[in-house]
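Below you will find the structure I want to go over with you.
Letters are used for the chains, namely A, B, C and D, taken in the order the chains are written, and counting of residues starts over at 1 for each.
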Amino acid sequence: MKVKLFGMLKTMVPGGKDLEVVLSEGGRVRDLVHSIQIEHPQVGELLDKKKVLVSVNQEIAHWETMLVESDEIALLPPFAGGAR
Amino acid sequence: MAVEIDEGMLVRVQQENFSIDQELERVRARSTRIGGIAMFLGTARDHSKGHDVSSMTFEHYEGMAQKKLKEIRERALQDFDIIEALVLHRYGPIEIGENIVLIIIGAEHRADAFKACQWCIDELKKITPIWKMEYTPQGDVWVEEHP
Amino acid sequence: MAVEIDEGMLVRVQQENFSIDQELERVRARSTRIGGIAMFLGTARDHSKGHDVSSMTFEHYEGMAQKKLKEIRERALQDFDIIEALVLHRYGPIEIGENIVLIIIGAEHRADAFKACQWCIDELKKITPIWKMEYTPQGDVWVEEHP
Amino acid sequence: MKVKLFGMLKTMVPGGKDLEVVLSEGGRVRDLVHSIQIEHPQVGELLDKKKVLVSVNQEIAHWETMLVESDEIALLPPFAGGAR
């Protein structure tokens, strides 16, 4: 399934494009994170430290959230909208 | 006597700059009961955490960003004694001094307007998927506001 | 790199309406360090203390009103961590929905801008010799805000 | 000396114009208030209750403030600028 990347995350993967991750049936966010950690350890570390959140269908997801193929997944680095 | 209000115009993520007078009209149009309007306008500073900034670019998660801004407006209308709220954020390249974000709150009384306005901008920074890249003499940096 | 600012334009009592975009330019012009701008706009409500209001008129003490608004701006610049402050009040006849008073505060950070903005409008109401007559179905009333 | 009136005070004096008050040399705000109380009891009452303040040269004055002929005097009812 496709995993959208934003902000600094794009600079951390070759090509700077969205990720393509294979997820077995019945997979959870935890499994997705695990797959990413293997292929992109730099991104994986940020996920591990909870600096990067995972959203499923545009809502922040827990690591136990179940995924289906049609879900819209994104990795969200710390937000920096607004003004200081 | 319901005034026709296009709710979509009250919550926007857009590339173009905006006029505060024009956005204000959308809020005032809601009710002649409005007596106090609090606004917050965020602009692009030339300085950030001790280094110069020459310009910046905002990236947003299309769809989710709009959804979160809509949530902010709705919660503000529910939780504060206010009449209308407008929340607007730009994306794309922004020059120093330009507008970035605008919150407008119309209320009967000013104390409520101020409270809601501050809450909205604080909440926006917490939950809206928008990211900033700053162009500095030391290179381009994606800003982590909450490292 | 001092920018030429006409301080007289930053504190005014005037009969004419004003454009918020235009007034904002005076504040932004002060510094590219400004990142947060808090504004308060007071408008004429059609309702006051349980009765309808069809329009209103503001009277001011020419000279003293300007002097007090100037004091407010100067104390705000001194007591808060802000960069610029604009204080503007209209006098004469004002229709429902129209602008009455405008405060604009430019600061590096938004918390300071909000604090100063609220202080300015609170202080304005306390010390500025301006009076309001409301036209109501029950007759014309001079409003005592602090009876 | 002339005493400027504002807001509701104008409706309380005949003609609705500024007052003309004679003040003896060395007079204080207290004496001015006293003169006004005699001629305009309704205004006098508001002054007594401190609902109306006296300004001298555009600053709020105490009742002990000394006056000279050239002073700019005004009676100020409760302010109602801004918005609620």
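Heads up, the rule we're going with is that a contact is a pair of C-beta atoms (placed from the backbone, for glycine too) under 8 Å apart; a residue touches a chain by one contact, two chains touch by 3 or more.
None of these values were measured; they are calculated from a predicted model.
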{"item": "Rounded Å distance between chain B and chain D, as computed from the means of their C-alpha atoms", "value": "48"}
{"item": "Centre-of-Cα separation between chain C and chain B, whole angstrom", "value": "22"}
{"item": "Centroid spacing, where centroids are CA-atom means, of chain C and chain D in whole angstrom", "value": "26"}
{"item": "Junction residues of chain B - those touching two or more other chains", "value": "35-36, 42-45, 108, 110, 121"}
{"item": "Touching two or more other chains - residues of chain D", "value": "83-84"}
{"item": "Overall pattern in which the protein chains touch one another (line/ring/star/complete/other)", "value": "other"}
{"item": "Touching chain combinations (by label order)", "value": "A-B, A-C, B-C, B-D, C-D"}
{"item": "Partner chain A, residues of chain B touching it in the complex", "value": "42-45, 48, 58-61, 63-65, 67, 89, 100-101, 121, 124-133, 142-147"}
{"item": "List of chain B residues in touch with chain C within their complex", "value": "19-21, 24, 28, 32-47, 96-97, 108, 110, 113-114, 117-118, 121"}
{"item": "Footprint of chain B on chain D - complex, ascending", "value": "83-84"}
{"item": "Residues of chain D that touch chain C when the two form their complex", "value": "4, 6-8, 11, 51, 55, 58, 74, 76-84"}
{"item": "In the complex with chain A, residue positions of chain C that touch it", "value": "35-36, 108-110"}
